[in-house]
């Protein structure tokens, strides 16, 4: 028995090596971007008013899309993981499909439903005079469509891993399934929901194809950061990199606020 | 006012001061700089008027218009996507060609691979980018190569010019066939090598006001400005050809 | 409430097929060896496990019937202690105990107040702010008991509620539970391995083995006249099945026992280990039952030593530690065992 | 006490309503696509040889990217959830960032590292004559870069929700941390890993921006389905819809093979 | 192996500060009330919980020392039964039991074979292919015990390994465990609430209360001369602290007891409940200790009734159910309790 130092981190080698490689793989390109960024030209880029409004719009719409996804997606995940409804695997496959759809086609598909000629969009326009495309609402809808499946799948995984016997215990204490869901199931799978919400938010923040198709690219109303980056790429690729770095910095800041304790149970020991 | 409500809600009217309301222009992304300048000029001339742009790929814009997007003007980077719109009966008038664009060979600054002309695109040892035949610049490239009797050996068939150009800028391809305006916009990282066959395949940019335009007067004013001499000189300054 | 259940559930190779009946206000103890189906029965009574046959009737209404009727657990007025506690890990102990009140509409401060009262009663005062993960095993079990009792449910289902408690706490918690059950309008079903719990708390006892009821009755009846070896050992008796003719019982396993009261036909003869005496030589006294035996195991408990004997008649003897030492006994020793005929109880099978 | 029917699915209304709404929101656009698809013209589209090769390449590269992500991403998730290494929240934010990066910029970033002029790519090219861009390997790399963060975040969520005391039990039985990981932790969080792999695979299958930028578009080598769809969109939007539906059908088929039992513990009761 | 540990761990408001020492081949029982720190001690000994002070020394080598040395659990040769079993839910029972062998390099068929042998020994033959979720509570506990014992670890740490077993199984598993511990070269630490387990299995006993050792000794010593109320109740005695002068002990709580053997200074007087007799009138016989008392609780167990008495001298009496009934006793009744002086044990504090 050789005595080793305590609190050595204790990451076994077969995990440490791929973890380091994987981290390098994900982080090195970012380092490349940061190194190559035209730092001298950054100030004028940031001073442009569209940048501020695009950033604000991006954060707002990604957050709204995450909220909408939580509201609609967590119940879907619950149905997939806990209900005895038939055809759950078909349902799961269907709600996963928007992940695979090229986002531009996703935008077209949204038009087919919510556009002025769309299944729901036409009566909405003709009866109420409401049009959805090309509004900020359309941005949120496009982002929700693309990002919600990430939330659904993560939360379903978390629900399946959670011990369902606590729900039995809640039932014996008089909690109906809804109360059980709110007071027991949801708190138990909170780390999984948090992970899903992070994925959903990040995906919504980076959304481009469906947004530019369904919501257009109007500064101040529908031009999110990825759209601004796209336009900058047309004009001045270095500016595009600067804008991406701004987006990165903001999302990094937000993610850093997600400290361990928000993500639930901490490390062993 | 948002673009949609602005488009549908406020009906612009002419007054002695000039135009009022909001005119919404759907324009190909490659026109971003020129049109932004022209729009500002129109706003200066008509203090009550707001010009707002929706810059995206021409095909995306055409799809949006077909889906009933409330717009006043459509400026396409190629006649095919304009045809999509006119065939749907959305144009208010016959589209007008307001600019042209020709191909140029783009090489990284300093031309490290020593590319001299179109013939180098047949060299399998070079890393070369062309546009895919489905997009206008690719169609033009095919025509140019057919014309010159060269079989190109590209490593990648890009979806749009910017994607090809990005690779040149990063020095990842030795040469690409892109539009002259793109070479101009890319700045110091990219050098352009014009070639004679290019002139025979001019890519035309059509513009038209739309039938359902919420602001027809403003639409007309913008189209007039783009096709005016002032518009033309701005376009030429950005590297476009006069029609 | 009154409860009448005929429960048929298949569990792997075992089929649990039990009928139980609990009168209004009655406490029924369910005893039985590991894997007999006790927890399964409680889960069915709670409405958590579907029946493969039979039905559960509460106050005359069928609440669970194979595939047709099902009143879910949360619609019944239940309190349940699970064998592994299942305290909600994300709630404090107080909130765990208050949970049942909250679901029944009690406001938070009132529910927490009541919960704290219960925590005091089970000896957990001051631990209410902890999470379940920060309790010891016995503390967690008491919290689970408090959580089940709070709100006076009409049916209590207690699965070994005292097994993790230390001897002293068990006395006080058992007393608290007895006080509660005495005042309590509802009915209770208690699973336990400890016959003392059953005797102290239950009005009636059901003994379950291999998924079937093998004996039922009042605690005293069951303790006096066990009908299976398991029950006999539980209440500290040695059970010898045989056939009686007058005051002699011919044992099924061979040999015979003289008994005090005459009987006839198939009977059980039951012997208390304390009434078995051990000698190194054959005793020449009044006891009519004297057998040679070999000591196979000796377990000290308290001031006595429990001696397991092998021989024609398998017996267990409790002798004082002093006489055990004086006789110089050790496993493997050959001894003589004797029992007075008057100390052998006999009753029909 | 009213007797209700058993096996009624038992989905409480406050969950059922949003679940139905959410499902409609995700599925209706697909229905729109299916309805509007030019079914008569579908046969010639499918007969084109590029479609077959693009589909094959898409499936292969998405699967390879998922395998690579599992290999590198699960260890990262373990480090985030279990190790006591400092700066874990920074690490988490950093590996999440590729989610937010506009994919085209992601492609540029990959060039900066692995391109001919890149930090690692240049020595690789100059010493060994190996170029990565414009190869099938580049497709896999681009997809892995974009999709791996989804796996990392889901698996971390699952690890945090898992009971770490089983790992203590394994340690008392002589299992070192690596054995514990393989034999206890990984099987316990299998549903979370499965969910993460689904997300990762689907995201890789739909990847467009980083692939076109870093790997280019050459039929047979680097042209995946999303690239084919995008090109078709330029030429013939209806053909693009048909191609998207082909992609959808294939991914739907694959996801349907993921039956409940693959996803671990099933429904309550 | 020999184990010497000085363990200091802060657990909320409680500081566990214990010294234990286990000789080679010795079995140490740790007794104590809920929350005393028994499980905490085992977790520290296993290397799963960091120390706030002190150290753990195994065979002369320090294996855990505050912040400096730490040999992780998997490098020691351990077998542990956790209070809540912690069977791996994704493995069959056989694979659970075989786990420790597999990690030590035994090939799968051999490991499974050995595991099946152990499952038979704990009475789980035939259940090896089940998942832990498909076992009853007692079956799971036996599987956990088999998992800890397999592979003959050098240190066994058993946290209430028999608590969920039914009375009969407990006898056989306890016997099996005793046989194993007797043959066993390593050392063992056993936590239990059942004094019989401790008496039957342990060479030495340590009693822990509130994180500190209050008594240590052989099982017989502890049983004969308990030093705290908790231990006294555990071994079934009533403990009365007082000051002796000759054959009279003036109790700290008031009153006096006559004892058989003269003593002096601070002493404990210990009385067995069975030697306390109850009367409705003041008895006029030989016993020198006669006190008036009120019956506060009566718990039947077996053929006897345990009576808790309040009065000047707090006592517990065991009377037969027959005489309890003949006296017509009920809680609240006023009685006279008497104990012969010779039945009172006295020993220095």
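Lettered A, B, C, D and E in written order, each chain numbered from 1.
Here is the rule we go by: contacts are C-beta pairs under 8 Å (C-beta built on N, C-alpha and C of every residue); 3 or more make two chains touch, one makes a residue touch a chain.
The shown structure was predicted, so the numbers you read here are calculated from the model rather than taken from an experiment.
Shared contact partners of chain A and chain B, listed by label: D. Between chain B and chain D, the least number of touching-chain steps is 1.
When C-beta pairs in contact are tallied for every pair of chains, the largest tally goes to A-D.
With each centre defined as the average position of its C-alpha atoms, the distance from chain C to chain D rounds to 55 Å. For this pair, chain A with chain D, the centres built from the Cα atoms lie 14 Å apart.
The multi-chain contact residues of chain A, meaning those touching 2 or more other chains, are 7, 10, 104, 108, 118, 168, 176-177, 188, 230, 233, 237, 269. For chain B, the set of residues that touch two or more other chains comprises 63, 166.
Among all residues of chain E, those that touch two or more other chains are 48, 72, 75.
On the chain D side of its complex with chain A, the touching residues are 7, 9-19, 21-23, 25-30, 32-33, 35-36, 71-76, 78-79, 81-85, 88-106, 108-110, 112-113, 118-120, 144-145, 148-150, 152-154, 156-158, 160-162, 164, 167-168, 176-178, 181, 188-189, 191-192, 194-196, 198-199, 202-203, 205-206, 208-209, 225-226, 229-230, 233, 237, 240-241, 244, 247-248, 251-252, 255-256, 258-260, 263-269. Across the complex, chain D is touched by residues 43, 46-48, 72-75, 77-80, 82, 86, 88-91, 99-100, 102-104, 147-148, 151, 157 of chain E. Residues of chain C touching chain E in their complex: 11-12, 32-36, 38-39, 83-84, 130, 134-139, 142, 159-160, 163-171, 174-175, 193, 195-196, 199-200, 219-220, 223-224, 229-230, 233-236, 272, 297, 299-303, 321. Those residues of chain B whose C-beta lies close enough to touch chain A in the complex are 2-5, 8, 29-30, 32-33, 52-56, 60, 63-64, 67-70, 162, 166, 169, 185-187.
Per the touch definition, chain D reaches chain B in the complex via residues 104, 108, 111-112, 115-117, 131, 133-134, 212-213, 215-219, 222-223, 227, 230-235, 237.
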